[in-house]
Structures are given as structure tokens and as C-alpha cells.
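In the two assemblies presented below, subunit A is common to both, partnered first by subunit B and then by subunit C.
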Partner chain A sequence: MAPEAVLSHLNRADGSATYTHNGYCIIGAVNGPIEVLRRDEIPEEATVEVNVRPAVGVGSPKERHLETLLHNTLRSIILTRSIPRTLVQITLQVRSLPDEESSTGVSTSLTLLPHLLHTALLALLSALIPLSTTVTAVLIALHSTKDSKAPAQLVSPTANELLRAKPIRSVHVFAFSGEGKMLLNESDGAFSYEEWDEAAESAEEVCCKKDGGVGLGEGMEVDGREGQNLEDWLRNVVRTKVAYEQRWKSAK
Partner chain B sequence: MPQEVQISVNERAFIQEALKEQIRLDGRAFDAFRPLELTFGDEYGVADVQLGKTRIIARISADVTTPLPERKFDGVFQIMTEFSPMASPAFEVGRPTNAEVILSRILEKAIRRSNALDTESLCIIAGLKCFALRADLHVIDHDGGLIDAACIAVMAALQHFRRPDVLVEGEKATVLSVRERDPIPLSILHQPLCVTFSYFEEGELFLVDANLAEEQVRDGEVIVTMNRHGEVCQIAKYGGATVEPYALFNCTNVALQKVKEISKVIQTKLDDDAKRRNAGGLLAELSAENDRPYDRPVG
Partner chain C sequence: MAATTAPSTPTPALTFPRPIFAAVAPHPFLQAHLSASKPSKAPLRANTRTAHEFRRVGVNTGSLTHCNGSTVVRLGNTSAVCGVRAEILREEDVQGTTDYASSPDSSDDELEREREEISTLRLLVPNVELSTGSTPAHIPGSAPTSFAQTLITRVCSLLLSTSLVRLSDLRILYTPPSNPEDPDADPTPQLKGYWVLYIDIFYISIDGNVFDAAWLAVLAALKNSVIPRAFWDEDLETILCDDDPKEAHALTLRGLPIPSTFAMFEGKREWNESGEDDHEVDWVLSDPDAFEESVCRERVCVVVDCSSGKKGTKDGIVRRVEKSGGGVVDRETMKGLVKRAVDRWAEVEKAINGKP
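So, the complex of A and B:
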């Protein structure tokens, strides 16, 4: 299943997006560029602030960790130098998680990370913040199988698939820029370099391989549609948004 | 942190002049609520309330803990309100604004202290184990009327929530999963709802459910909490305007009518949701709950 996204649906925030995929639902809002506190002001760059808010309870070190990862990745794609001495405020509110989330036995911050990245990017696009490139991310899980020694790959698995594939040896999150450069890698578990390399390759294929790439899950072809990579999906979302905003032009 | 954008002098004068001529900017009557939308998710205990452009999500979750030593027979119930910059850039994480403090104080008085939720029913083994219920409020969009919307969201979510059943054998309690035993609804004693009255013109005229612009112009506010049986749970007044004591009687009358309307909306939505879940008509068979002869305990 391709992720679903609704853009610019909040009234108050400058840009917003709701993103739903595999049982994860995240609402993202971006305010910016706005006035920045004196102590956070950077003379030649914009300050980026990321807030991750869990569905239940108040933020814990897990959210702080996610915020740091998101901050570093998003900072590298936002053209901070073109809007100096301002603040770009990104708030990501987790609305719902899949039921099996807590029992999959893998790090919950890693399974959430790609979804947070996508939501943040969509909200930034909706707020028309200048960006140097786009970012797409995917989760790859490696689990051992009975018949072969090499671990099998699960690409962008649902929580249920992770639960059934137990024990998971390692999970990896990869994020790629629009030009196919790796922007982020987070891995958890035990793995060899070859395994990581293979995972990175298939992640790249899912994220941004030009035509002929393997789609995100084989479910896409069952629907009678072409296998589509995440970058195509992102382009589609933006195309729909632009078409909607330019409808005054095409109307007769 | 950036300041909340102050309303301009012209806008302020415009709203006040319009009100003098009995006109509200959005064309509503003085005692009319904005359109209320209430949706429930697939999970139990999540209510998404939209009151005009204001949007609040309430989420109830349950945990098992030890009860407080001075309240051995009671469960724990907490309402967490933390504003995020999503609602307004002026809200900073970890530094509560005035609005946030007032909201949590009012909800505390309206829902917790009025005993809307029977906390004794959350007790599993006296002094040893009880359910800890928490309601998390997420303000997604802010256009005034946060208190009213938050109260609706929490009450709707509480009525929608189902807690897991427990099996007690002597000192041992087992929490049964959803698959083993159908989860059971909370025991709600009454449904308090808040109605905020905003006073203008030195207390001469009042508005129900003011939006953000009207909130910024008003002289004072009176928050009345009552249930649909007409029992007043609390009245709070903030701001400098003087309000005639007799005006408060008027307020409670208007509030009663509004609370009845809102309760009806919540009840219809809950019934619709129950119907949607009970597609095969089998839920009654699964339920482990005893039949209650009456809805509401006397007194």
C-alpha cells in the first residue's frame, strides 16, 4: 500500500500534512519563517526546531532522540541560508500507531522514523519553505529464515509482518535525497557489512530508483497499477497539490 | 518564542461596533455554537472534535498501577493538557501559557472533581492494584473556544473508551486481553459540559462560543459547567468585566439548553459508532458486563 497524505488542512499553521501508512497516522505542522528567540538566532542561517509529540503521554528521551535525527536530516535539505535569522518550527503529532506496535520486539523509534520524515517533508512543502531537495525514507528489516543462512529482507513491513517474522535480526532506516544520495542511516541489531550493503541497495531501489525499480511492496501490482517508488509517490502528491492550487487558472 | 499576534486596533473597533449593532463577524446568532463535528477512530477512546476551525483530539489510555495510599479504593484519573506549537507558534513546549493553565484547571474542576468518572470502579484490588486512566488532549487547530471543545472531546472519549476486563482470584489479578474477553465501558456518573460566555461592553452583552478574534476583544468570560440534568458543576469567571449576579441565572439557563443539544449530538455519534462496530449484531453476546437496571445512580 502506498502512503496516503492530506496537505494544508489546518487553518492556523503555515503548512500542514496528515500522513497515513501501515496503521501509522501522523499530523505534521510547520510554522515558518517566523521570528526567532534572541538566544536561538543564527546570523546567517535559519533555526530549525523539531517537536515530536507521542500519541500517549509526554515526550520522553525516545522522542528527543527522534527529534535530533530529524533535525539533522531536515536541516541539510532546508535552504537555511536563504532565510537567515528566522525560525522554522516543525511539530509532528503522532495520532495513532498500529495495535501490534509495542510487541514487535524491534526498536519503536526506528519503525516510526520514516513516517515522521515523510510527514515533516510534506508539511514543509505545504508551508512553501525553500528546500534544496526532497527526502524519502524506508525501513528494512532483516530476519533469519529456516532454509537459508542469509537473512531475508522485509521492505517497509507492517507491524503485523514484523510480529510474524520474529525474531528480527536487525532493522535499518535509510533516507535518500532526490538525487539518490544517502542522507540518513540508522541501524539496530546485529548485521554484517554485506547485509547492510544489500539492505541499502534495496532501500535505494524503493526510494528513488529510476524506471524499472522494484515497487514498494508487491501489493501495488495486485491493484493493477505499476510498481511505484516513493519518489514517484511524492511527485504525485505534490502534483495533486499544485493542480488543486492552480485550479483557478484552468477553470473556464 | 514568537508572541501571539495581537489583534489590531481597527479590527478590535470593528468587532465591537458590529456587536453593538447585534452582528457577529461570522453571521452567527449571539447564543449559537459553531458547527460541531465529532468523529471516532478505529480505536476505542479517541475522539476528534471540530468546533468551527478549532480542532482537538482526546485520547484515553489505561494502565495498571498501585492506588494512592490515602485513596485505597480509588483508581487514578489524569487529564493531560499540553499545547504544542501546532496550535499556535506562541505555545512553547514545557512552558505553559495562561490559556493552558486555565484549561487544565477548568477541566480538573469540571470533570475530575465533579466525579463524572466513577474512579472507584477502576479499583481492581483495594490498596494493591487499580487502573490508571489518562486523557491526553492534543490541540491540533486553535480558533478559540478551547475549553468547550476540550470538555466535549474528553467526555466523548471517556464514553467511547472500553477498558480491558480483569479476573481477580484472591490476591492475583489478570488483565484479560481484548481477544479473551470483550472490553467493558467505563462507569460514567454524569456528563458535564462547559459553555463559555464572553462578555463585551462592560458586561452589557454576551456571546456563546466566541472565536479567537472575539476572545481577544472581550472584557471577561464566564465558564459554566453543567450536565444535561441541569446540575451546575462549576462556574468560573475570568477577566475584569463586572457581571450582574442575575445575569448568571440567565447564563445557566442558556448553558442548560446548549448542554442538552451537545449531549444529544454526542449520544447520536456514540450510537452511530456502536452500530458500525456491531455489524454482525454479536457484541451483546460477547459482553461480560452485568445489566444495569438504571442509567444514573440516585443523588
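So, the complex of A and C:
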């Protein structure tokens, strides 16, 4: 299943996106560039502020950690030097989580992280904030199988798949920029460098490999093209948005 | 030092003393340091360490009187105090029913069940406090900053994912003298309570690499924690603790995961006046201090555990990799970082185990 995205649907925010994938639904809103508090002002750069609101209750240290990770990643792709002394405020509200989320035995912040990154990026695109590149992220879980010693990979698993593949040996979140640079990695569990390297390779294929790359899941098919990677998906979302906005211009 | 900013013609007006150069232009200052030395020698950072050099770890255990275990850890000018305090959580105060299984095997399944029990009952409670004046960035008297909260989350999740503390050390069991259902069978132990470990980390001063300091302090404090023997008193129907220190038991930890933090310093070409040398140069700095952290955006933290004796790239020794903030480190660089973390492991292991 390809992720679903709706862009610019909140008309009071500068940019917004709702992203749905594998039972995760997140609303993202971006306001910016706006005036920044004197205290947070950076003379040569824009301040980036990320707020993550959980599906239930108020934010906890776990959300602060996610915010820090998102902040570090997004700050490296937003052209902060072109909009100095302003604020880019990104708010992400988790709307729904899959039912099995809490019982997978995997850190819930890791499973949520790729979805938060995608939502934030789509909202930034919708708000027309200058970016140096795009970012796509994927979750990879390694679990031991009975027949072979080497762990099997689950690429972008659903919560249900994680539950059935218990016990999970390690989970990895990778985020790649449009040029294929690794922007973020969070790996947890017990694993070797070689396992990590293999996981990184498959993540790179899912995120940004051109032609012949492994697609996300089996039934991923948009516009009749199979084996589409996340970057193509992202391009497609933006293409649809631009086509919609240009419909009067292009109409003859 | 200022030679890189000043043009080659001797204009004394454009040369600054060292501290002013560092304050006015921190990025060129560090770059000048790293690229200025002779090719025969390894480049030195502003703090006179080479790029691969970590700071020496100083560990002092048992410094606090009223704690079950405590340490003071120093990494250069970063110093943290960690105190572990154990308190009893009675079984009747635990919400919901807990299935008590005493299978001692440590298969993946069992570890996962333990992890779940520790996390749902919150038997490990880390907390981070920054003392007034520990770092200029910290404003005293305010709520815990997102910096502190992030640190707590990282320590807490690493404690859980490495299964460092054994649940068997935290359980308070009671074996009745006879089995009430079947007098001939051996009596089965009953769960009467848990020990909850409150792990407080207090920074006296911060000079970069807070996570390594925090984790090493936690690790050394847990290693030196002694928990009194707790037993169920049938007559009083309550848990009592033994006053005799000989009866107390130390925590037996699973493995010895040790983090190594690296900062990527991205060289900028604008300051390279040479012209021909047009490739971008990046440095991976081990164990960054506060000044280096202020000019480096990308951080990588690799946690390795070589206590099983293996050190190769095929062995499952990596416990965690955290990387964010930039795209300099690729898969090949990461291999080198894991190797550096393995080397660091041996060094820190000696310090924690008290060997010179």
C-alpha cells in the first residue's frame, strides 16, 4: 500500500498535509515564515520549531525526543539561511495509530518516526518553504527465522506484521535525502554492522533507488507503474497538487 | 592561528587573538585548526586532541552516602553525578494482574517479556537535572527543557532495549514454608513486590557529549548498586528489609553497552583560499566538546557491547545507532565509526571496572 496524502486542506495554516499509511494517520500544519520571539531569534538563520502532539493525552518526554530528531533533520533540509530571523513552525498531530501499536514490543517512537517525517515534509512543501532537498524515510525490522541463522528483513511493516514476527531482533529507521544521502538513522536492538549495512541498503532502495529498485510492498501500484519508490511517490503527490492548482491556467 | 582569515599580506588590523577569533568566527576557527597542521602530523582540534581522540574517562564510585549506588563521571570538563535509589513497590499497589513466570532462560522471548514488565510497571525511573551554571544555555528555574527531556528518553529507552537490569534482581519473592494446595509438592514462590530504581543524573558542568557522560554514570552507578535483602514477613504481612549489609545483593547487569558520540564537522570551501583544492573536507570528531558541538550539526552515537568477547563487523555487538542532523556519514563511514566505538569500548571498560 502506498501512503495516502492530502495537501493544503487546512485553510488557516500556511501549509498542511494529512498523511495516512499502515493505520497511522497524522495531520501536519506549517506556519512560516512568521515573526519569531526575540529569545529564539537567530541572526543569520530561520528558527525551526517542531511540535508533536500524541494521539492520546498530552506530550511526554517521548514526544520531545521525536521533536528533537525531526528538528535536527528538517533544519538540515530547510534553507534556513534564505529566510533569516523568521520562524518556521511545524505542528504534527497524530490522529490515529494502528490497534496493535502498543503490543508490538517495538519502541513506538521508532515506528512513528518515518510517518512524522513524511507528514512534516509534505506540510513544508504545501507551505512553500524553501527546501534544499526532499526526505523520505522507512522502517526496517529484522527478526530471526527458524530455518536460517541470518535475520529476515521486514520493510515498512504494519503493526500487525510486527506483532506476528515477534520477537524482533532490531528495528532501524532510515531517512534519505533526494540525492541519496543518509540524513537520519535510528537503530535499536542487537545487531551487527553487516546487518545494519544490509538494512541501510534496502532502505536506500525503497527510498530513492532509480529504476529497478524494490518497491514498497507488493501491491504498490500507482498509475499502473509497479516497483515505485518513495521518492517517486513523493513526486507524484506534488505533481497532483501542482496540476490541481494550475488547472485554470492549463485549461484551454 | 588567524592566518587563514587574514589575507597573505601582513595587515595587523585583521589578526585577532585566539579567543576572539573563536568567538567571532567559530567555524573558520575550528577549520583553521584542523587544516593548518603539517601533513606529516595528524591535525589537531582546538582542544589539542586529534580527530579520533576521546577524552579520558574518570569514574569515582560510591561518593554519595544515602544512595544504593552512586558515581561521579568526568569526561574532560563534563561531569555528571548519578545516584541510584531503590524503593519498594508493593504487589497490591501494582495495577492489574501480573503473570508471574519464573523461567530463568534468557531467550529473546523471555527478554521481551521482561522488558515489557519493566516498562509497564516503570521499575526504572531515570531523571536528568542540570545544575545552575552547568552550561550557559541552561536557564535555571524553568521547567525541564526539551534538551533534558530528550536525554531522559534516550537513557530510558537504552536501559530498556539493552535489558541491562535483570528483572530477577528487582523482584521480591516469598516462598511459603509449605504448599497450601499440595503438602507434598515443593512450595511455589510468590511475588510480593518489586524494587523500583530511581536513577538521578545531575550535571555539575557540561562541556559537550552529555549522553556518553549520562550513560556511563548510570552504568557505573548500577554496577555498584547494592540492594538490601527484602523479605516478606508472614506475621506482620509486610515486606521488611534486612539491616545486615552482608545479606544485600549487588545488581548483576546484562552486558556492558558503551556509547561513543561523534560530531561531523563540515568543512566549508569559502575559506580555503588555495583555489585548486576544491573538494569538500569533512572531519569526524570523536567525543565533541561544547565548542565543537556548537559548530557541528550532525551527530552520531554508536552504542556497542563487546562483553561477549567478539569484536568483528559480523558479530551482533551494536546495540544502538543514532544519527541525525546531516548527511555526511554514509554507510562506509559508519563502518569506521563502529570500529572506533569498539576501540573506545575497551578503554571505557577498564575505567568502569576500576582497572588502571
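For this structure, a couple of remarks:
Definition applied: the second predicted complex is superposed on the first by the 247 of 252 C-alpha atoms of A that agree within 3 Å, B and C clash if a C-alpha of one lies under 4 Å from a C-alpha of the other, contacts with A are read in each partner's own complex, and residues count from 1 in each chain.
The rule is simple: a contact is a pair of C-beta atoms (placed from the backbone, for glycine too) under 8 Å apart; a residue touches a chain by one contact, two chains touch by 3 or more.
This structure is a prediction, so every number in the text was calculated from the model and none was measured.
Once chain A of one complex is fitted onto chain A of the other, the partner contacts of A:E67 are limited to subunit C, with no touch recorded for subunit B. When the shared chain is aligned, no partner comes close enough to touch A:L79: not subunit B, not subunit C. In the overlay built on the shared chain, the residue A:N11 is in contact with subunit B alone; subunit C does not reach it. Legend: residue contacts after superposition of the two complexes on their common chain; A:A150 is shown touching neither subunit B nor subunit C.
Once chain A of one complex is fitted onto chain A of the other, the partner contacts of A:L128 are absent, as it touches neither subunit B nor subunit C. When the two structures are aligned on the shared chain, A:Y193 is found in touch with subunit C, with no touch to subunit B.
Residue contacts after overlaying the shared chain place A:V242 against neither subunit B nor subunit C.
Greater residue coverage of subunit A by touch, when subunit B is weighed against subunit C, goes to C. In the superposition on chain A, A:S96 contacts subunit B only, with no contact to subunit C.
Those residues of subunit A that touch subunit B in the complex are listed here as 10-13, 16, 27, 29, 31, 34-37, 49, 51, 53, 55-59, 87, 89, 91, 93, 95-96, 99.
Listed in rising order, the residues of subunit C touching subunit A in the complex are 108-109, 111-112, 115-116, 146-147, 149-150, 152-154, 156-157, 161, 297-299, 305, 312-331, 334-335, 338.
Within the complex formed with subunit A, the subunit B residues making contact are 1-3, 41-43, 46, 53, 55, 57, 59, 61, 80, 82, 84-89, 93, 134, 136, 138, 140-143. Within the complex, the subunit A residues that touch subunit C are 61-62, 64-65, 67-69, 72-73, 75-76, 105, 107, 109, 144, 166-167, 169, 172, 177, 179, 181-197, 200-201.
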